[in-house]
Amino acid sequence: MSLLFLIPLLPLLGFAINGLAYPKLPKQIAGIIGTIPPLVAFALSLQLFLNFDGQAQILPIADWIKVGSLEIPFAFQIDQLSILMLLVITGVGTLIHVYSIGYMSHDAGFGKFFAFLNLFVFFMLILVLGANFTVLFIGWEGVGLCSYLLIGFWNQKNSYGDAARKAFIMNRIGDLGFLVGIFLLIQDFGTTDYQTIFTAIKSGDYTTDLSIIAFCLFIGAMGKSAQIPLFTWLPDAMAGPTPVSALIHAATMVTAGIYMVIRANALFELSPEVLHFVGWIGLATALLGAAIGLFQNDIKKVLAYSTVSQLGYMFMGLGASAYTASFFHVMTHAFFKALLFLGAGSVIHAMSDEQDIRRMGGLKSKMPITFITFMLGTIAIAGIPPFAGFFSKDEILASLYHHDPVMWSLAIVGSALTSFYMFRVFILTFYGEFRGTEKQAHHLHESPITMTLPLIILAVFSVGGGLINLPHFAGGNEFLAHWLAPLLPEAGAAGEVNFLSLEGGAPLLAAFLPAFLAIYVFGMQKSVPSEDAEISGIQKIIYHKFYIDELYDMLFVKPIAFLSNFFFQMIDFLVIDLFVEGLGRFVKYASSEFRRAQTGNVGIYLFCMVAAIVVILFVSLKSTILP
Amino acid sequence: MYLLFILLFPLLIGSALLIFKPKNAFVLSLAASIIELAATAFVLQQASSNPVSFSAPWLASEGLYFSLYVDGISGVLIGLCALLVPFIIATTANTDRANNSQFQGLMLAMQTALMGAFLAKDAFLFYFFFEASLLPIYFLAAIYGGENKNAITFKFFVYTLFGSLFFLIALVYVYLLTPGPFHSADIEVLYQTAKGLSADQQGYLFAAFFLAFAIKMPVFPFHTWQPDTYTVAPAQGTMLLSGIMLKMGTYGVIRFVLPMFPLGVATWGLTASVLSVIGIIYGSIIAIQQKDAKRLLAYSSFAHVGLMSAGILSGSIEGIQGALYQMLSHGINIIGLFFVIEIIERRTKSREIAQLGGITQFSYPLTVTFVILSLGSVALPLTNGFIGEFLLLKSVFDQNVTLGIIAGITIILGAVYTLRLIQKSMFGNVSRITSDFADLTFAEKAVLIPLSVLVILGGVFPSTVLGFSEPAVQQLIQWFK
Amino acid sequence: MQSIPEIIRTIPLTHYIMLSSALFCIGIMGVLTRRNAIIVFMAIELMLNAVNLLLAAFSSYYSDPAGQIFVFFIMAVAAAEVAVGLAIIVMIYRNIQSIDIGVLNKLKN
Amino acid sequence: MNSIIALSLLGILNLFLGFWLSRKTIQAATLLFLAGSMALTAMDWNHEMLWYGRMFHTTNTSISFSLIIQLAAFMVVSFSKGFGIDEEHTHPAEYYAILLFSVVGAILMVSFDHLIMFFVGLEILSVAMYVLTGSDKRNLRSNEAALKYFLMGSFATGILLFGITLVYGATRSFYLTNIAEVIATTPQASTPVFLSIGVLLIIVGFLFKISAAPFHFWTPDVYEGAPTIFTMFMSTVVKAAGFAALYQMLTGPFGSLYGTWVYPIYYISMLTLLVGNITAVYQQSVKRMLAYSSISHAGYLLITLSSNQASTSSTILYYSLSYTLATIVAFGVVMLVAEYQTGRTEKPENFSSFEGLAKQNPGLAFCFTISLLSLAGIPLTAGFWGKFFVFSDIFNRHVYYPVILAIIMSAIGVYYYFKGIIAIYFKEGDIERIELPALVKFAMWACTLGTLLLGVYPSIVKNLF
């Protein structure tokens, strides 16, 4: 346990070294310095995992904020949930660090990149280790910062910078909700410690309406996990280097929202209407993401939207209070989505930064490893048994089936879409003949070992990840469920699934049929998506993401800009300041009037004196003279 | 006795500089300010155990005493003042102002005035320094300022003076109610006396006091002097104004308004905090579209101070503690940011955000420090800004949910304008005027790097300061709870 | 009251007050209406004489010499004033060949 | 009180010295005389007594007033250079003598206990002033000023005298003490109407002397027309004496008539503040601006007078002292700069001719700034405390409107005083170094440092009373 504090500390050190020595340090050393910390952290977490006695532990590190009755310590909490998150973060993190050594080798900002990655890992670990909502909030905002830094990593391009700012600001909107939630918690419980709060909730001594708190916290989750309406930043976030997309915008950060909800399940369980809301938001997001994903031609954009929709699934699971299922999906998704991104990265690397699948094709011969791993990833995400994705998604669907059939059926549609567009991308990228330029053609090559190795490892997990929570019918023992049980309410776990029933069959069909369709359309027919110009009708609207960005621009960005100028030029200068200046002007004017009295003529002066005397005498004597 | 030293020492050196005009003014003033810092640190170390005080008859026939003291509250502020001035002086290194003995002398004189205001235990002594501090800063701004400086600095002078005159008469009013034959203006006596006043008396007095401080801070709608003045003043003047001087306003509210007029706060406090919150949003929104970087920072400072005053007016311990901490953080962050702009202006001769860009390619250290300072000012956790804003927002939220949420929007808008500033200046394509941007000199690093470190330390170890001020604040709250 | 001479006692004090007040007001009117410096000055002298008369009256009624002593002082001082005043007027006449107070309005806002 | 005799004799002596000695030596001699008389005056400190057949009454208050007056005269004399346009045609000895005589008059005014003495003192002062105002014989402005001052002054004297007479008629005495007790003893009903008429007329006479609105019209013109050195004298000595006398009158014999005279004073004080400050904003000539500022300061003093507190005397004293110090420096700088600028610009006394003064003459600029700040009542200077005492006096009466007005007015005051500061520091101009005689330098710095000292540590004076 004593080594626990090393887990976040090491990445921080890596960040410090790489960050301070950035321009000078040679790349190889920087790469190693950057990769060691997550690796060691992973080892430590593993050791933590292996000899964990099932007892949640609080480790106070130091006092942080201490004002009056309010005490917010730096404290870490070790329990089943955080340990698993540790493993995912450090594990996937390590792989992606390794991958980045190869991927970023040509980049000038190599050292800086690793510094940022380490910083991200640090904050992510703080997020999951924190023993109270405020420490969680540190990580919460910290990962936001890192995603900002990494999205805008190639900072010469203004569009990238805009994407980065968009991400940060949208997260901030969510964070405000989260902060309000924290304030409410403090108001009610006088603290933000998990244990105090949850025990209080369980024992039922609270005064305020918990659902408001839960709702505020969920707003934070919306921002962080890119749910409607705060999801538009995630696709833009693909501006960052691909490893970043894999680590931050697929595997870890975006799942923070789910982590938080699971962490606070005691709270959410007691506010069912919020849970309901969560479920529907998740569903809407899942469908929207999947729909948009159908027609995207940028390989990373497709993956981004699929991430959005997968996150939607996780929230749906939470909505059905199938916490285990959601968390299961978090983990498997971490594997296969990271895999897919890294594969895409490897493709992009080979295509010398070409991302449009219409320019690709026939890569399977040129880069076999990437091809195979990517295929496995695709199958996994499509939910085809017995791959990881199948089990996790199936659990969510199963729980939905019992929770709310309407949701369930819509979710099935979503998963059908998913499987379609994933295979579309897969086929268009690796089959058919090459559609790129000559230059790209003879530049094509398989990626170096540093990149392929992580692909292979992740591929293994994507295939076998299902074992973590293998259901009984598949001969498993639902390890995850048992592991997490102490933290979770006794939820009606999905019973035995009968593959011949609707409940069991529909998901399978939804996985297989679209896949075949995609293979037919793009594989056999060799049809290629049309150029942007030719896109039209409903497809065009979807292709342009339902014009949601434009909508937000019109609703928020433009009005605020206008307001800003209006306040500045109108209110400040024409109203307030004019009044202030006006006073001065008035005095000047009065003065120029007053001075006229000074005519320089003695006669008038004397007259004024006499008049004044008369007035004085009259006023002060009228009482005595006049009766 | 130490207090007398830390009060008068800068003035001593400053006037020496003004009179004898030595060649190496920079070294002298920097040394002086550092000695001052050391002495202050010593005093604070003493004050951490129990308040240090000094008193001598000043105008005994009127019951006015030259009495100074350092408790948890004033300690934070003299600490701030003593800490920032060396940095501010250091920012003049290698410029034509470095050995300009007049400039340096005025800055040191300013430090004495500020120290005095924070140290004063006698209300009139406070007023005395409160006003006196206007003179050096006025001359700094009006001699070394930018275009149209006369009108702007003059407006600033008259405006603030006008406000503080109301403070003066209100003060005289309370002072004359203190037990005679020799009245007293000792803060505690004033607390006692003011408690006895009727609600509407307190209302008027609250208005008069708050007006003065509101203009100083400034609070909406008394702010129109501020952006102009910040923009036109020389960088160091702006740092003094925004880093330390506006804290006299917030300090005044904590020290006088809250404990003296609880009933007044009860009646008018909400109105005042609404104004402050309006200021937060108003300032942030204006900052979003600013073209001049300095003016943008001016408005951001306006927004931040609005949150402070709202938090203070909530009267809760979190509010006051948060305000104290935020004064410290804001001082550090804002002078750092102003210095960054100053550096850019020195090299490119321009503050037009639109004309800048790509600076990070020429100066990595500048970018890093700038980003850290900005993060501090957008209150990212583990930076000093977060502690203050967290406590302040909480206090406002506890006082009034709606206000709290509206005030909370600042964390969004703050990110909007700050990130815009970073993006347009540091990142993006290199522009014509940034194409030959020179990296930071040693002196510039020597200012920016320590400040950035302070930003982080402040975010990680707030308890040192909070613990220092806690007892005094508790005591203060006893006066009006 | 014995010491007050018969002749004075026949006229009540109020008459003296009335008279001198009238004189005084005439003086004021003169000051206000005339533009010639000399005349204005004479009017002022008239005011002083009104004062003198009143003082004399009071002092004789109260049989208190102080009033009459005051009269002498006033006369003496008035003489001094006349000297200075005439000097000033002459000086001005030398410079602008006029003593019309209306002409003198170089000094004004 | 022996100082009046001493000064009179010395003045005459001065006239004779004029035949043999040069101006500088006479100036030195005059300073010496004044110093001596100040010593004589100071000797009576804490010996409250009556002089010369109970006609004078020296108290610490009166003594300190006469000290202030002589101090002012001392400074004025040390500022004095040539009189009028050219040295050789003017006879400095006479002017110095007249100055001494007028000082005697002023001292009479502050320590009289008998109305005749008061009248005599007032007239000595006034007649001397008429002469000095017109002393620049060939200058039309000076002539005009002299005539205006003379006509209006003697008119005011007439009114004052009438008032005195009426009071005499009502109380049968010229002794303040007797008047006081007569008024105090006789019941309101049986006091003749013309008593209060008399009182009011006397007050009007005073208000003229201290140039309170609407009796202030002479002030700007006379101040502007008169040679600056004498303007300096007028604005300090005459004002101080006037206020001292007025205070003595109102609180001594007429103390029990408070109800009669307080309202006129109260309203007139506000009117004076208004007129003085507002009109000053417009002025282009520094000298004229200072004239209006002296009017507005009269307003502040009247406020404290109307409050009639125990502390009023010390307030008036402190205020007069701070005002005197500041005004002397201000007019002194105006004099020097105007002298330098005559011939260079057509309006040597305007703000425009002060532009860029600080470049070559930092010392001069500094003193000027301090004096203006003190007049504006900014902390660190004596003026601030003056205002502070005024406010606390009036507050003690629980009267607030004049204070509000005074506050606003002093903010306006800052506006016009800073016009000067802005001109000398922040405007471009080409004024070379102005060489100052040692005495002038001494007087200027003495006043400036005095102002600062009083500003930082007011109790050294305030605690005297």
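Quick notes on this structure:
Just so it is clear, A, B, C and D label the chains in written order, and each chain counts residues from 1 on its own.
The working rule: contacts are C-beta pairs under 8 Å (C-beta built on N, C-alpha and C of every residue); 3 or more make two chains touch, one makes a residue touch a chain.
Since this is a predicted model, take the numbers as computed values, not measurements.
Taking A-D and A-B together, the pair of chains sharing more C-beta contacts is A-B. Look at where the CA atoms of chain A average out and do the same for chain D: the two points lie 78 Å apart.
Mean C-alpha positions place chain B and chain C at a centre distance of 67 Å.
Our note on geometry: chain A versus chain B, Cα centroid distance of 37 Å, whole angstroms. Our note on geometry: chain A versus chain C, Cα centroid distance of 99 Å, whole angstroms.
Across the assembly, chain A contributes 584, 595, 598, 600, 602, 606 as residues in contact with two or more other chains. Residue positions 158 of chain B are each in touch with at least two other chains.
Each of the following residues of chain D touches two or more other chains: 147-148, 151, 155, 159, 220-221, 279, 282-283, 415.
Under the contact rule defined at the top, the touching pairs of chains are A-B, A-C, A-D, B-D, C-D.
Contact residues on chain D toward chain C in their complex (touch as defined above): 115-116, 119-120, 123, 127, 130-131, 134, 137-138, 140-141, 143-148, 150-151, 154-155, 157-159, 161-162, 164-166, 168-169, 172-174, 194, 220-222, 224-225, 279, 282-283, 288.
Put simply, chain B touches chain D in their complex at residues 57-62, 124, 127-129, 131-132, 134-135, 139, 142-143, 149-150, 154, 157-158, 161-162, 165-166, 168-169, 172-173, 175-176.
Residues of chain B touching chain A in their complex: 155, 158-159, 221, 223-225, 227, 282, 285-290, 316-318, 321-322, 358, 360-361, 364, 368, 375, 380-382, 387, 390-391, 393-394, 397-398, 404-405, 408-409, 411-412, 415-416, 419-420, 423, 426-429, 460, 462-463, 466-467, 470, 474.
Contacts from chain C toward chain A in the complex involve residues 28, 31-32, 35, 101-102, 104-109.
On the chain A side of its complex with chain C, the touching residues are 595-596, 598-603, 606-607, 610.
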